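Chain lettering (A, B and C) follows the sequence in which the chains are written, and residue indices restart at 1 in each chain.
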Amino acid sequence: MATLYLSVLVLIPLGAVVWRSREDGWSAFWSDVTTPEAWSTIKLTVLASLGVAAINVVMGTLIAWVLVRDSFPGQRIVEVLIDLPFALPTIVAGLVLIALYGPDSPVGVSLAYSRPGVVLALLFVTLPFVVRTVQPVLLELDVEMEEAAASLGASRFTTFRRIILPNLVPAILAGAGLSFARAMSEYGSTVLISGNIPFRTQVSSVHIYNQIENDNTTGAAAVATLLLIVSLVVLFGINLIERWAVNRD
Amino acid sequence: MTIEITNITKRFGDFVALDNVSLEIPDGDLTALLGPSGGGKSTLLRVIAGLETPDDGSVAFSGEDATGLPPQRRNVGFVFQHYAAFKHMSVARNVAFGLEIRKRPKAEIERRVKELLELVHLEAFAHRRPSQLSGGQRQRMALARALAVEPRVLLLDEPFGALDAQVRKELRVWLRRLHDEIHVTTVFVTHDQEEAMDVADRIVVIANGRVEQIGSPDDLYEHPANDFVMSFLGPVTSLNGQLVRPHDIELLAGPEPGSAHATVVRVVRLGFETRVELLVDGSDVWVQTTKETADRLGIDAGCTIHVRPAADAIRPGQRQPSPLASPVAVG
Amino acid sequence: MTRYLLRFVALFYLAFLLVIPVGVVFRRTFANGFGVFWDSITTPEAVHAFKVTLIVALVAVALNTVFGVSVSLLLVRRNFRGKRVLNLLIDLPLAISPVVVGLALILVYGRLTPVGEWFGNRGIDILYAIPAMVMATAFVSLPLVVRELVPVLEEIGTDQEQAASTLGASAFQTFRRITLPAIRWALVYGIILTFARSLGEFGAIAVVSGRIRNETQTLTLLVHERYTNFDQEGAYAISFTLAFIAIVSMVVLTTVRPKER
């Protein structure tokens, strides 16, 4: 019964997307994906997502560190706040960002209609990912390993670099992978702040939407399939990393 | 390298872990800090290592004050109860770590690591991960790692606490032999009195944040300073409100001066030794005696017998004449 | 010292990415007083959008709860070939763009497809109507209940259930009296997560709903419409409402969570 639900909802529709994308043949698929407009959105989406994943690796680890190792008043509130991007509807996230960084910005900064605006929106929605994968690992980390390193003469920084960080790497990578996948598929938050200027600030999901509206479902399906494949590869990679980490203990 | 501990006090919130503790650990000795859990012995060890900062008092190594130094600069080797192995590095890299920090040349590191792994009989495991080793092997690796940087003092915090009874006994013997070979001033913490008696040159009994007594295993056994030390090290039973060792109680067929009337409850024969459980004036007492004595007196459950402490029985509080004991500075 | 530097950088980043933008929205929403805000969220189309959003969310939650519980039990208590594939499939919706979800549903259930036509001939619209919206919402929130239940089920183990069966309980009785109480809080957590996610869905709904005002418009679509029609105040009003619900659910979730961790 569960399989029926799963098929009706997930498998068949997704299969249809892939099917549709190859409907007019392989070369048609390729040309759909490489139209100047489509290709520029793919480039922007992939590059922005990679950039966002990289920023999250640094900031996410830093935030996780501060939440676990530091203590200050209001910490519990910050802890809860991190999950806000999970709970907030993406369109609201877009509006929230445009309120501060858009044309009517109270601080006079305007990132609207620009690529940094896209990156900002993606950073917002992917904020929790690395933080939440790294936090539990940091909490479980054996403090005695750090004490042993200190007794052997290692400075705080060396201890971090050679003892703590290597143990965090699988969690960081898993979080980065999730960030990447999420950023690649993001729609709602970028729709407003980017202005969706073709060849400049349009991301792939917006492009797909436009193709659907223009009845070019095959073209839409082609780009969608490409994104699907990339996502699957990333998910699989994350899975492998997580299994490697478990085997190591 | 002697260790001089002077007036150390350490509190965790309201809890006083160490209360004005002073003692001196002689160079080259293998000293045990023995006591019940929560008594302060681990805290004292960590204060020596610099892993805890005392609220009061000082720590010095051969006259050099180390109280303000972080653990990195004290050159002490520390071995943890749960090994604290660097799980993402191989055994060889673990042992090499301290040397790599000190930027020794690669050839020297390799040579030293090999030497140490041979010392602890782990040469075959050089490239394995700690997770592939047994508990006992991991602890030997931890020891090799601590010794690699030639520390002036070696500190072990309940090093065998996480291991099986059999492995514990083996490693105990092995530690003693290692110390005889290397002669580094060594201090180890344990709550197991058998372990302390077996391995240490001197024992420091610590309870409730204070030093109860210091001496060799024999000293402590034969001349315990108080009831606590007496009952902590070695078997005790209570006769007429006084603590006495079960093997120091005489069994007599009939009443004699100083003896008490007793009813036998149970006789347990354990090979050569026989254990007799008695009721004296409503209290439980047990006596350790030989099979021969028990047979001679014809003891059995339910029969009446007389008991009294032997004339030369060990009693708490008799001052020992040994010059090794430093005066106990209690709070 | 480094500690203060790290703390400062972290809080600074969070302030400018998260806190201040949200604060600005709050301020803008009530810039002209509570009355204007209230009028904005009680227009007929706003009320209708609210009803549509609620219905879609509740049905999606119900479907995913049933599915979630059965699949979790399946994954944890049984072993079968393809288990890993099933796991991967369930996690898939998290990595797929919501627009692609919409596209997929169009291709299978649209008016010109075999399935869509079959239903269409019987007067039931799937696409550009509630059914497709429910399916889209259920798709994107599929994994949430499962991912909450699986770790809990693994942790509690089968001992209690086995004890119950030796005492004569049937499978259903065991489930109702032993398993369900044990996973109660994880289930509540998963349901609230699913509900919050369903309320906030935008991309997939944008594609399959046809955005027909007063018929298939959800609150999120209303926000978009108002903003692009230069009714910024109206957009902020609805956004505030949605954000408020999101924050309330987060607070509720935080209180529920410690009970079973």
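In the analysis below, contacts are C-beta pairs under 8 Å (C-beta built on N, C-alpha and C of every residue); 3 or more make two chains touch, one makes a residue touch a chain.
Just so we're clear, the structure is a prediction, and the values are computed from it rather than from any experiment.
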Shared chain contacts [subunit A and subunit C, defined touch]: none
Chain nearest the global centroid, as defined over all protein CA atoms shown: A
Highest C-beta pair count, chain pair: A-C
Subunit A-subunit C separation of Cα centroids, rounded to whole Å: 18
Centre-to-centre distance between subunit C and subunit B (centres being mean Cα positions), rounded to whole Å: 59
Centre-of-Cα separation between subunit B and subunit A, whole angstrom: 55
Junction residues of subunit B - those touching two or more other chains: none
Multi-partner residues of subunit A (each touching 2 or more other chains): none
Complex contacts: residues of subunit A adjacent to subunit B: 142, 144-145, 147-155, 158, 162-163, 166-167, 248-249
Footprint of subunit A on subunit C - complex, ascending: 2-3, 6-7, 9-11, 13-14, 17-22, 24-25, 28, 63, 67, 70-71, 74, 86, 88-109, 135, 138-139, 142, 196, 199-203, 206-207, 220, 223-224, 227, 232, 235-236, 239, 242-243, 246-247, 249-251, 253-254
Footprint of subunit A on subunit B - complex, ascending: 49-51, 70-78, 80, 82, 84-88, 97-98, 101-102, 129, 131, 142, 145-146, 149
Touching residues (chain side subunit A, partner subunit C) in the complex: 1-2, 5-6, 9-14, 16-17, 19-20, 59, 62-63, 65-66, 70, 72, 78, 80-85, 87-92, 95-97, 99-101, 104, 106, 120, 123-124, 127, 156, 178, 181-182, 184-188, 191-192, 204-206, 208-209, 212, 217, 220-221, 224, 227-228, 231-232, 234-236, 239
